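Letters are used for the chains, namely A, B, C, D and E, taken in the order the chains are written, and counting of residues starts over at 1 for each.
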């Protein structure tokens, strides 16, 4: 499978996520879109890791493995981020009964 | 064995000493003591001057150098005095007349308060000092120092009664007008330095005469330098276009007018040009210009003098016109004649001023001749001396004025008869207005107030003695310059000055013509006097109209100057101050500040406080930067 | 490594102390002691004494510079604790947890100042970021604080995404995460790599709050509790910078010319926007937020120059900037009113506070005899040495002059304006410490090599 | 056109479409579901790439844990579609355009990327197997692994700090 | 040793003064320390006048290529002497002036003195820049705290204005250092630089920006009148007598020899034209001023303009003229400020229109005032005459000028205008009749008599026998001109 396909695919997903971030106002959805972006990245990483594996497997049996491990760490971090993020959103909801990202703009200029 | 003239420094030293003593001790010295010190110091330097004079007479010329005033790079300006015929002569005039006027002042200024009396004498001494510096300086810079010094003193003395702002304005005018001339003088000095790298008279003249290899003046240099110097002289010696300050300068005390604005300071210009005669003789252009200006000034001032009513103003204008004659003489190259006239003029003009001073003294402060008349009975000495003065200035033989003026006219005639004719007419005008003054003041009936009439009296001895002495000098002063035609080896002055001023030996005019001219001028002058006699023997008031009014208002020259020069400058300055500075210069600076503030207010709006917009902005800028990197950047 | 482990442990300790200890003073003292231990441990490491011997597989590289930098930042944190730890009590009830989080952040700081693998960079940055999201929002009932933390979180996560994409692309072209091997020798920059590098620049620029990725900074700094603002604006920012520079210095230096121009653009934008926007602020706190952006502009110059002068300068700049800002925030916390008017006439009531504040402000403005001047000087010198970008230098100095405008507004308020600026009560220890900080600023302003020569020998 | 290709295209299409639906569907709950769909398809890709470990983890962590968390929160707040106020149209448009053009730029830039030729390995290559990854993780990547524990600790504390109710009520406009 | 002391004494005593609480102790302390400084500088001029004492060098910032190197050459001697003389004079003349928080006032004054000394002593570009800024900061506080009602805005403008300038200069200095052979800020390595004409040109602009603002040269002068007007007179004296000279001094020491080609390219054309325009402009404005401080401020701008032209005349005569004129102008203008201060203290106004007739009430002051004013218009036998005469001669004989036929008359015009406005001021203040305000005037106090007397003596002495000063600055002049000689470079 040519690597370009994966590149374009995950770029597409990435940008779709970005568009989501740009267009939605619901904090949770925005956050989900960010997760989408992360997943796009993951996909690409895996693809690359396999590419490098294909290239250097002869020299180094574990070539490309680091890419997949990185994905693993991304997931870890994502999980942590989600826990904190959702906590923040919930706190916000408690205080203002809304998860609209534009609802609060006392801090400006 | 150093030259005995080395102690020439004594001459200016005494007045300086007097200045310091009086100036510092003015609180403590009594008036009489002040007077004694003031006059005494001048008298001492008079003695020294006489001694110097006789030394010089025995061909002892000396440049007494004391220390280096400035020595930078190759330029060396020594503080040195040049003692030769010319300067020694001027020394005599200055110290002599100066001494007399000091003595005169002692009683003239009696009614002043102690401090002010002292202030007066300290200024006077300072003036003598600067004047001596001026004539003794052996290079242009020292000369210039004295030059500015006398200007300063005249400023101080004109504004002596500083409570009256009129005097202050007059003083300021005098100083600034002089300053304009001085600027020209300075530029001339710079020019000389840039060409010769020296300022000493001897060196500069040597270069001019081509005795120094490597350095030389081009013809243009000479012309420009001489013209600049002459312009400086115009300021000091009140020639067109810078003459208007002198009449106003009469605001000062009368003795001051006599000393500074008649006898000495105003002749500094003549001295300077005479000193530089070598340069001037090399530039015909300059000489012609000087001649024309001198002549014009002489006539103009004379015409104005015809219609003035302030006794001192009349004398002032006559001074201007006499100075004009001297410049005329310089213009035609008769330097010694000019110097001769300086001398005689110093005598009789000082006499006239002091006389007028005594009149004013008698009329306690009155200066308008229309309110005088018939004073001859009360003020006998004043009257006679004044008469002598008038005869002298009018040029009646054998009074001194006759010889000096005759010498000038003769040399003018040699140059060009037409000029001679004009100059002669000027002389007639002089005779006329002087005798108008004399008759209106001393003849006819008294026109002043009763109070003044009762107050009329002859001045005290301290004032009359100087009058008499000056009168005698005005009579006999001519002897030193009696022309060849009257007595063998006459013109002693010319001979005496010959080391400084080259003498043109050949006479173009025959003795017969000379007699003729003398007769002519004398005759005409007598006619003019008679005319004045029957017009003003008993004066009656008439209001001037037409041409008379024009003359009475001095051809409106002052007004003209205000319109053309003073007001435009003030307006322009005002514009710069109120508009340009505020709007443009300040405006630019503050504008920057305002711009920063403005853009700050705009930038703040980017910080809209909405996450969505932030993300959008970030994405857009990412986009732009990527585009730049991948597509725009080469 | 020493510091990292000590810090992690002390983080855990603080976590439990929250449950075990009740008196806040005890907690505070404990925290300060632990941090002191960490510093001591790190200093020992700096002198070559390693407690632990762990195979790092080239993922971390504790070189002198890294150790020194983390040490310096920890010392700054130490001073911050001494000055303002007391004021954390007012933020909320979780006093111990705050310390724990701060310790974890410091772990991240150590990581990013010594990483040599993109993975560690990513982890370190997240370890810094996640506690900060929390600390920003720690003043829970204060809507400003909530808003700040939400904004910070969303934007931060977003930038993380971008950074990950960047890392991925770089990985794609190079096949490794180790800085040293990212660019094989004598290769031309592929588009893939370049795109990755650019995305990394953008995300790092976000972390150091460089324009046009600075938008989060003013709001977050303004909204979060002042103590943590002071922490974020100084130590964290400096850490982000060392990460940024370490990444590009060890990673991508050989392609310098191909990406440096983007850096130049970002630098100029940062300088202009930061300084100009700060001019019109009314609240000192927000002004300081913008000024921190402006100062970031100067630090960006290191990436422009990439020479030893720049690296030395970065160290000095980080210290000078952090000390001055910490001190200034410490003063600010004591004030009742954060607007400029709030400072009117402070000099009358608290001459010492005002005097030290003046020193800090002068240092930020870059007046000689303060560390701030030499820091700026190093930066300018570094850029001038490259021989190009003089237009940028000129812009920088002009902007520095602009910065005088808003810094001196505070001085004017304190000294020349009449007012009733009554700060809260001030302990004598606080006075001593803040004077000491001011003294440090002056000292480093005269003898910078006291600090810099630690890089060598 | 082998099975691999077919699967690839199918999964890609699925991923893209559901991603688009994530950002376009009004109801948040639907978005969550579509997102889960995306995750599944991505996991499919992983399997295709023979990265089984990740495929599994992806399903478990993402589709399982995280998404459930999201759903949970959404339910907690029971947000109806109308509760989410819509952005102004031009903002949406701008966002879409920006994102789209970013995609274009990147694609255009990377299209001529020099590894257009290089392939990625599908259906074989055992690097993605749990055993190898485990070895790698606990030999070379042990340090990051430990470090990530710090990350979790801090996240945990953070969640507590943020989540716990504050006892002393404060004025919403407190200076600090 | 001497060099070090000249900086240390004011610095330390200034710091000490912060802690003196009683006003009179502070005042006495300041006076004592300034007198001490004066003594030291005189010592350096006479007894201990040898290399070892006059130069001091020690390691400072090796990795920046800068060392703390200070030293006194002839020009430095002269200008440091001015600085050393000025401060006692200032302190004595304002002895009775009451300041709130006096100890801070005097402390800052002494600190500014230290800064100024440093600027004049610095033999290393970075040290120079350090002190250049340091001299500025205390003055900023002095003006903003003890100044007039519009002080804050005016002073701030002044500060930012000069700060921009000095930052540009900093860039220039850094660039120069990066070009030196040994990567050093030392003045000798700066003098050994030989840059291409092109780079010299823009570096010249960078450096000159700072100096031009400081001096100031038209059109960068707009800060000056406001600042002088608003600042407390004691500070105004420092500003106008010494600080303004920093610019002139810096051009001579750091610009001309380092960038001969740049100076040649701009100095003889743009700069001198600007300067001469500034002279006329300032003189004209001075004629229209009603506030004595503003009048003097503008007259000072005019005088500085002449100095600038003279510097770029690049010959010995002019250069020496400039050097002693820096000294003379400082002395004179301090005298003028003292007079202004006295008048303002007595009558609470500086408006010419409100004054008059003081000559009756205060003859001594009148006398001294007249002398100083006349010195200001360069009357012969006052020190200013020597300076201006030399400068004019130099300009006139200069080989390098391109537009001297425009410059000379314009500059000459200022001689006349100067007389106009100074005499106008004299007349408005001293002469005429007293008015209700001035009727109550009394003569000046002993301390004022003392300082004014000293000033007048200096003026006369410098005017009658200037040679010692000229000899003092001879060597420096030759060095500077050797370094800044462009003709060989042009031939290359």
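Operating definition for what follows: a contact is a pair of C-beta atoms (placed from the backbone, for glycine too) under 8 Å apart; a residue touches a chain by one contact, two chains touch by 3 or more.
Just so we're clear, the structure is a prediction, and the values are computed from it rather than from any experiment.
Looking at which two chains touch through the most C-beta pairs, you get A-D. For subunit B, the chain with the farthest CA centroid is D. Ranked by how close its C-alpha mean sits to the mean of all protein C-alpha atoms, the top chain is E.
Taking the CA centroid of subunit E as reference, the farthest chain centroid is that of D.
With centres taken as mean Cα positions, subunit C sits 78 Å from subunit B.
Taking each chain's centre as the average of its CA atoms, subunit C and subunit E sit 43 Å apart.
Averaged Cα coordinates give subunit A a centre that lies 26 Å from the centre of subunit C.
Chain geometry summary: the mean Cα position of subunit A and that of subunit E are 66 Å apart. The set of subunit A residues that touch two or more partner chains comprises 3, 7, 17-18, 21-22, 25, 31, 48, 51, 55, 63-64, 66, 69, 73, 77, 80-81, 84, 88-89, 91, 95, 101-102, 105-108. Annotation for subunit B: residues 604, 607, 609, 611-612, 615-616, 619, 622, 626, 630 touch two or more other chains.
Taken pair by pair, the chains that touch are A-B, A-C, A-D, B-C, B-D, B-E, C-D, C-E. Those residues of subunit B whose C-beta lies close enough to touch subunit A in the complex are 604-605, 607-612, 615-616, 619.
The residues of subunit A lying in touch with subunit D in their complex are 1-9, 11-13, 15-26, 28-29, 31-33, 35-36, 39, 42-43, 46-51, 53-55, 57, 62-66, 68-69, 71-73, 75-84, 86-91, 93, 95, 99-100, 102. Touching subunit D in their complex are the following residues of subunit B: 612, 616, 619-620, 622-623, 626-627, 630. Against subunit E, in their complex, subunit C makes its touches with residues 312, 362, 367-369, 373, 377-378, 380-381, 384-385, 387, 390, 393-394, 397-398, 400-401, 404-405, 408, 412, 415-417, 448-449, 452.
Subunit E contributes residues 157, 161, 219, 221-223, 281, 284-285, 287-289, 315-317, 320-321, 357, 359-360, 363, 374, 379-381, 386, 389-390, 392-393, 396-397, 408, 412-413, 415-416, 419-420, 423-424, 427, 430-433, 465-467, 470 to its touches with subunit B in the complex.
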